[in-house]
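Heads up: the structure comes next, in structure tokens.
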Amino acid sequence: MKLGMIGLGKMGFHLVLNLLEHGHEVVAHDMNPRSVAGAAEKGAIPAASLEELVAALETPRFIWVMVPAGAPLRSVVDQLPPLLEPGDIVIDGGNSHYKNSLELSEQLAAQGIRFLDVGTSGGVEGAEQGGCFMIGGEEEAFRLMEPIFRDIAVSDGYLYAGPSGSGHFLKMVHNGIEYGMMQAIAEGFELLDKSPYDYDFEQVARVWSNGSVIRSWLMELTQNAFAKDPKLEGIHGVMHSSGEGKWTVETALDLQANAPVIAMSLFMRYRSLQEDTFHGKVVAALRNEFGGHAVESAN
Amino acid sequence: MKLGMIGLGKMGFHLVLNLLEHGHEVVAHDMNPRSVAGAAEKGAIPAASLEELVAALETPRFIWVMVPAGAPLRSVVDQLPPLLEPGDIVIDGGNSHYKNSLELSEQLAAQGIRFLDVGTSGGVEGAEQGGCFMIGGEEEAFRLMEPIFRDIAVSDGYLYAGPSGSGHFLKMVHNGIEYGMMQAIAEGFELLDKSPYDYDFEQVARVWSNGSVIRSWLMELTQNAFAKDPKLEGIHGVMHSSGEGKWTVETALDLQANAPVIAMSLFMRYRSLQEDTFHGKVVAALRNEFGGHAVESAN
Amino acid sequence: MKLGMIGLGKMGFHLVLNLLEHGHEVVAHDMNPRSVAGAAEKGAIPAASLEELVAALETPRFIWVMVPAGAPLRSVVDQLPPLLEPGDIVIDGGNSHYKNSLELSEQLAAQGIRFLDVGTSGGVEGAEQGGCFMIGGEEEAFRLMEPIFRDIAVSDGYLYAGPSGSGHFLKMVHNGIEYGMMQAIAEGFELLDKSPYDYDFEQVARVWSNGSVIRSWLMELTQNAFAKDPKLEGIHGVMHSSGEGKWTVETALDLQANAPVIAMSLFMRYRSLQEDTFHGKVVAALRNEFGGHAVESAN
Amino acid sequence: MKLGMIGLGKMGFHLVLNLLEHGHEVVAHDMNPRSVAGAAEKGAIPAASLEELVAALETPRFIWVMVPAGAPLRSVVDQLPPLLEPGDIVIDGGNSHYKNSLELSEQLAAQGIRFLDVGTSGGVEGAEQGGCFMIGGEEEAFRLMEPIFRDIAVSDGYLYAGPSGSGHFLKMVHNGIEYGMMQAIAEGFELLDKSPYDYDFEQVARVWSNGSVIRSWLMELTQNAFAKDPKLEGIHGVMHSSGEGKWTVETALDLQANAPVIAMSLFMRYRSLQEDTFHGKVVAALRNEFGGHAVESAN
């Protein structure tokens, strides 16, 4: 099949490789001409503009947009409709908030354009070698695209999840679970690190990756990380986050769902961004006030 | 090799099957004669008593004790030393507290008996078809036993972790991680359950098991559970615990390690054991006191 | 001074009593004519409509709106501007989100109307006998109103906090702290309830209210609650919430601030609204899958 | 009445002042002769040794031990019994674990000596000017001592809580609540610190101390702290803990009671002791492994 790819960053570029590998034709565009050239070198049809990309596709067009959520996505999606025809399909494969996907879907539907919100998991490796795709939107549009999903996903690695927004909602929750799992693994190794034993962490992650209840891809990645740096001495424990964990907690608050573990995973990430905390200053000051406990001076 | 197995419960019995399958000779004993007969049917050498079991083994004897931690283990281990000779090896394959294993190791060492504390993971299925074994104790004793571990573990699924206690410590932390991972997965599905979408949970667990960052054995088991009961309507959400999560949190407190996620996983389990809570009553009463908010009557 | 009060619910009515007690004239309006009559009986000037209320005040008018946040507030505030003149002052004394207060302030400012967002604490008792007021908005408007705040607050119980929104922001955070304090007290009594000792909870709350580090109004209210029902046997531990705790957590997420205690207080409230949980079902099902642990049937 | 005081540290010394102020005779001993001299200057009868102290008291003797829990307490209590007579009363006024108090009580009872475990709250100020006392042990012993408690406590500030251990259990839970309250207050101010508004924290603590739902001694102390250092710039936010919060969480685990807020308060204290965390390193490494997210180098 033939498909347009807009956005040739880390994820988009590896998806292009994956699609080409499976014999699909890809018309590739990015704001950066070098990225377009890079994709062309691998066999994609280069498109210098959105107009060129649209013109190179047959109707109904399949256009996969793989750009950062928010303003970059907005900018692409605002330019597309005038170029498209009813029945064309636009896919947002990025990490958009499901409510935005729902809105976008309605906007595009008003112009007869079909929309799929696709959550993608599996990292860069998954994008190229077979990832996991959670797909929301009009079911008929999904059916037309299904051969592509079947090819780029690992076996059994795609799901038509339901109406618009359901793909990105699923991806959001997936990331919330990911936060919790990562923090759980990390707390475990912190315990080992402070334990009276001198464990070989790479070997521990290795044995836990084989036959244990907690075997998982994340544990295999933990083994890889320790293989490179046995005590992670070169790494500063600052835990950034890209927003989906926050959305998950916000959604839990809205739905009055229980999410203490996901929430605490997120708070520990925020905590890691700070060297000192104001709440710590207040508690230290209070202990001094009532008990005369000495405070440490800020340097 | 030849090995004695004391304790033919769910785990012990399946380990015996695993050992026999790999061509080892197993002398099997349990307080329940029927369990002994059951093992004998499968090819084990039955032993009606500890004495008989010990007599049927050659020195240095390998004796795997697979009974519940605490009093049952204590009872077996108190009877064994007079029957054994220096150099014999006793394995505690149960879920003992690492401090108890450390103590036991010292007691047995005083009588010349060697001790291995072995944490076992992988569930019943793992016990029979290949599990994950975390082994602490004297390294030389481990080397003598290694061919057995190699056979009963999945490939790469055993680790000599260090001195006495290190095997059970590792298993304890493993279970702490398990609590956190399970709660993270469970919170995710609670969000889906309360979401505006009507997800097919089995399919969600299936797609997350294939190619996603959170793919794991627990996610596969989640798929199995939903395959049996699509909305888990037949299951009451009471989450029992067997003590190792608690030990993990206690150890975190002792080591001043961070374990918010593991701790919250445990507290949510305790919470699930209660229909109503006293803390809830206090908060409801307080809201009534200061704000005149109505309280709900207890039945 | 002379002031209009719109909204004669629990809080509004007691504020009217408080104002009258201090010799102020109050023009009182409510959608419910009986409430207006009730206020009139206590000495307020009744107003059957907003128009009547506005007409009864001198410029610059002081109009205190004490209705629920959201739609009810919106409805009042949409009707007021055409009736008012530049320089008039509108006060929102309810529990509005600070961002809404900021917006409202700008809208009214465009019409020359001044706005104060006033967070009120101290409960019903405080409204009548002297409460705590956190005031945001134009400082000059505050200065004009200050004699009123001085009278209705307890000594030292009002603060001009800063520009628009800062009053309601402060009230929101106040409520977040309140959630945490209440949950902390409640957890303490749950521990006592499960302890091996048979404490007299009223006496415990009494002694903790006198001389201890944790003495507080909430502890005194705890004593009152136990005086009425020594073991709170008549109260169902369902903990409702009115939204400000949620806003506090959402704001913490937006500001990347640490708020684990406030967040957990909120999650425990949500948890109390459920008899059974989906996350509990998932964990129970998983324990059954890997360990063969029995699940309890949902009835 | 006449009473012996062993241990003239911060708390013991101020208790002596309090007792003298109320007309009691105090025989004072400390391992440090200077402390004894200091107490003598204030009017206490100096005792150079335990023997001297015991000899200076009439039977039944009242001996208040105010030394750190654990080894120091142990050392005093091991020396006392040979010097005492049946019917004498020993008070442990320190922060001992309630289980230790229970044991100690039994040991002393075997020698006919009566024991009271007394939890003390109110800080140094409370010790001198009137504190809060939670008293466990034999009720008759308490009755004999009650006039003393009445004098040194603030009005209504003492409670006979029940049998041995119940005083220290109550104090432990009190401290757990204290941890939660302090963290709640501290999280609130962290939110204000990160807010878009420029609050005067001293004024905020002042207004919250007057008429609000969260008014409390801790809020007054917060005001004091900000009066000294408006933004706490001179204080490093390291939150030490003296063990009772940890005991509270451990006890919650033992009793399967819910204590998420107290537990999180404690974990945030532990977190504050670390500049970098191992769990943070693991999460950062994992994000790099699956998503190619850059890690920050440890310097």
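Per-chain numbering from 1; labels A, B, C and D assigned in written order.
Keep in mind that, in the parts below, contacts are C-beta pairs under 8 Å (C-beta built on N, C-alpha and C of every residue); 3 or more make two chains touch, one makes a residue touch a chain.
The UniProt protein names, listed by chain, are A, B, C, D = Decarboxylating 6-phosphogluconate dehydrogenase.
Computed from a predicted model, the values in this text were never measured in an experiment.
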Is it true that over half of the residue numbers where chain A touches chain C are used by both copies, so same, or is it different?
-> same
Write down the chain pair with more C-beta contact pairs when B-D is set against A-D.
-> A-D
Length of the line joining the C-alpha centres of chain A and chain B, rounded to whole Å = 34
If you average the CA atoms of chain B and of chain D, how far apart do the two points sit, in angstrom?
-> 39
Between chain A and chain D, tell me the centre distance in angstrom, where each centre is the average of that chain's C-alpha atoms.
-> 48
Check: chain B positions touching at least 2 other chains come out as 123, 183, 185, 187, 190, 193-194, 213, 217-218, 256-260, 264, 267-268, 271, 277, 279, 290
Mind listing the chain C positions that touch chain A in their complex?
-> 213, 246, 249-250, 253, 256-260, 263-264, 266-267, 270-271, 273-274, 277, 279, 290
Note: in the complex, chain D contacts chain C through residues 121-123, 126, 130-134, 136, 153-159, 161-163, 165-166, 169-170, 173-174, 176-181, 183-185, 187-188, 190-199, 203-204, 206-219, 248, 251-252, 255-262, 264-265, 267-268
Which bits of chain C are touching chain B when the two form their complex?
-> 10, 123-125, 182-183, 185-187, 189-190, 193-194, 217-218, 221-222, 224-225, 229, 232-240, 260, 264, 268-269, 271-272, 275-293, 295-299
